Amino acid sequence: MTLLRTVLLRLITTLITLLGVAVIVFVVIRVVPGNPIAMMLPPGATEADILRLETQYGFDKSIPQQFVIWLGGVMQGDFGMSISTRQPVSTLVLSRLPATLELSIVALLIAVIAGGTMALLGTRFRDTKTEGLVDVTAGMALSIPDFLWGLVLILLFGVLWPIFHISGRISPSLDIDFTTNFYLFEAILRLRFDVIADLIGHMFMPAVALAIPLAAIIAQLLKQSLKETMNLDYVTLARTKGYGEGKVITSEALPNAILPTLTLVGVQFTFLIGGTVIIERLFSYEGLGNMAIDAVINRDLPLIQGIVILFALLFTLINLAVDMLYVVLNPRLRHA
Amino acid sequence: MSYLQIKNLDVRLKGGGPILRRVSLDVTAGQVHGLVGESGAGKSMIGKAVLGTLPRALEITGGAIMLDGTDIGTLPPAERRKRIGATAALIPQDPLTALNPSKRIGPQITRRLVDILGWRRADAQARALELLDEVHIPDPTRVMRSYPHELSGGMRQRILIASAFAAEPKLIIADEPTTALDVTVQKQILRLIAEMQKRHGTALLFVTHDLGVVSKVCDSLSVLYAGKVVEDARMQRFFMSPIHAYSRALLAATPTYTDPKGSLMPVPDTVIDAVELEIAQHDVRAQA
Amino acid sequence: MRDARAEVRRPIGLRLWLSGGWLSLLALAAIFAPLIAPHDPLAQDLFLGRLPPFWEDGTEPGYVLGTDSLGRDVLSRILYGARLALIVALVAGTLTCLIGATLGLVAGYYRGWCDRIISRFVDIWMAFPPVLFAILLIAVLGPGLISIIIAIVVIDWTRFARVIRAEAMSQGAMDYVASAQVAGRTQFGTMLTEILPNVLPTIVALLTLEMGIAVIVEAILSFVNLSISTDSPTWGGMIAEGRTSVHQAWWVLVFPLITLFLTVLSFSQLGEGLKDRFDPVLR
């Protein structure tokens, strides 16, 4: 019962947050000097033409009126029409979302594997040079944001030792007739190894760039949490039972050390997704973020709005999911 | 048959002073040996040295630990761990922190039987149920499926006792097993440990600061002061005529149930001074 | 234990010296850029386009780190770029810190409706992808130094607000705060004299970290061509140009990247080092 109430409360605050995001974007982009409609018409357009288009996009009404109309549309799943491409915003955004999601999930996987390994190594060899190395590496990795790591990777694996593609999502020459835009997931399901290899070749550098700071955070938090757990009585008891140090860490300490790390990783994952905006730009990866920057440059108001709302929705959903996962994984809360 | 034999064990702080000084003791099959001393005397460290769980800052610098006839110091680390796991077990001090909060009770008892001793899963399961019944836990099947936080402190200590006896170890080390419990539960647990030890014929090393407890369960005892065994005696002889001045003082400082206030005396400073002097002389001898 | 502490201590000192040293060097370079820069950072000379750095073949004396495709001297542009980077770091960092820390302190100490409103705004801000938000703001405000500073303050005040709020809250629950109030201090007085000094190490660490982030945000905005006017030398602008010609002239990307990398690293290490220095618990 209390769980249900918590979930409901969370859903309500989530809605308020999303509404807040919508209002802020709406107000901010309508303060834009310069008329986006005038920009999209050829120079010889008449006043009447501009007026007609303005009416079509609803720009002739007051900002609160526009907001209410827009919100009404959103309720029915209609996010308006993109000004620059004259396609429905929802179609455009949904066609790009899979690319960004795939990139983020691959980056998350890399971060969890790399960060987890570092934390386990640091714990296994604690108070030795190995732990010092883990600390220094994580500290470095955390100090530098994904944008710079991306550039460093371009130099390393794009120029110095060119083994990965430095731009795009997939080689145009590749023949794909997939039904979804989740190229990677679909290629895995269809066992199209040529496509998988090509996608990974494109995705590797942006994903690693996004993953490095998160891996460092996971390494630091999980190691600290593991080391605290290693001093607890049940871990000592497990040692007397004849288990080796590695086994004690993975099977006794790890399940308990993961929980405190999990909530923070959730927030950090939303930061990672936020990072895709510039990383996609850097690697000319055809995802949402790249589209968002184009939309800003083109003053494509409905499209900007749609993308920002989608990001916000994604962020709040992830936080919600992490909270749920926390309850599921924690036996004390599960039965409460 | 001696299940645990410690000979001249020296433990030191790495790059620091001694923690245990030439400790020797002997626990035979079916016997309960008490290890008494005030906090900081190093009594828990003896148990930790035997079980291979000494803190990283400490190291064994001399002597031998014979577990069921084998000098475990001569075994390679992995084999030593397995040998200790198969022949010895620990009943820990605080039942609230000694069970893994994220795992159900069942696997916490059965896992070592399967992993270390190579039992079949079903056998281990049956054994665990039988043991839980032996330590008087009602509805063992349900308890096996529970998480630690769903059980009381007394229940958890019973589970830990059952778990310690699960692999039929030769030696069990009980490290202040009742200190963290309610007074009402303490007696039951004490009785249970004694009962289980008798039934299984295990050698039991009972670490405590409480001479009253020792008088109830032990057959013999060692008195430890500042890392040194100052007296080693059979139970009756000890209570009739303790030899060492510190033992006499310790005995005088222990409340009895018949006259809880009358006999409560602090250990006199003169005794402490005498013991300190004795230990200082011992250290000089050891260094010479 | 004492020995282990001493071992941990030493690299902190080294860290402070190295990061502080680099930043001082950078500050000097920025201040004296007109005196030490070998060339005009804007001067184009198409005959001197894409000259490699001095140790490669086909160089021209005087162009130590080579030139970009328009023949502009890379070293001079980095030196002048440091001016903008450091101005943005100092001004935007400090403003963000002042606004964010104040809001966080108020929310964490006074609690109640103040806290609810501020926290709600923080939640909303956390749902924005920060880079997209910054780009959007620049698009609205128009390019320029002031716009960049405003954008950084607007997107990043929550970093301070979140952390300082949590710290002020835990400090506010301590007994010494209660006893200060019993002794007759006003709430505002208590906040300034009891809470603020205790959260100051965190504020200092966050401030230096924020300066590094400000430099990065400026570089990112220059990278997507939304920073200052396009011809003034910025590290981000150089990186954007270097990225497109990376196969023909790697040095146009590498040198500003190294500078940016070291600067951001130094700011964050300086923050960590100062925090350890000033934290009364660790000291």
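Order of writing sets the labels: A, B and C. Residues in every chain begin at 1.
To be clear about the criterion, a residue touches a chain if its C-beta (ideal position, glycine included) is under 8 Å from a C-beta of that chain, and two chains touch if they have at least 3 such contacts.
Every value quoted in this text rests on a predicted model; they were computed, and no experiment measured them.
Steps from chain A to chain B, minimised over paths through touching chains, total 1. Compared with chain C, the chain whose C-alpha mean position is the greatest distance off is B. With centres defined as mean CA coordinates, chain B is found 53 Å away from chain A.
Put simply, the C-alpha centre of chain A and that of chain C have 23 angstrom between them. Work out the mean CA point of chain B and of chain C, and you get 57 Å between them. Across the assembly, chain A contributes residues 127 that each touch 2 or more other chains. Remark: chain A residues 13, 16-18, 20-21, 24-25, 28-29, 31-33, 127, 139-140, 142-145, 147-148, 151-152, 154-155, 158-159, 166, 267, 270, 273-278, 281-282, 289, 292-293, 296-297, 299, 304, 307-308, 311-312, 315-316 touch chain C in the complex.
By the touch criterion given at the top, residues 4, 120-121, 123-124, 126-133, 135-137, 139-140, 142, 212-213, 216, 219-220, 223-224, 239, 243, 246-247, 250, 253-254, 257, 260-261, 264-265, 268-269, 272 of chain C touch chain A in their complex.
Per the touch definition, chain B reaches chain A in the complex via residues 51-53, 56, 78, 81-86, 88-90, 92-94, 97-103, 111-112, 115-116, 147, 149-150, 160.
Contacts from chain A toward chain B in the complex involve residues 127, 232-234, 236-244, 252, 255-256, 330-332, 335.
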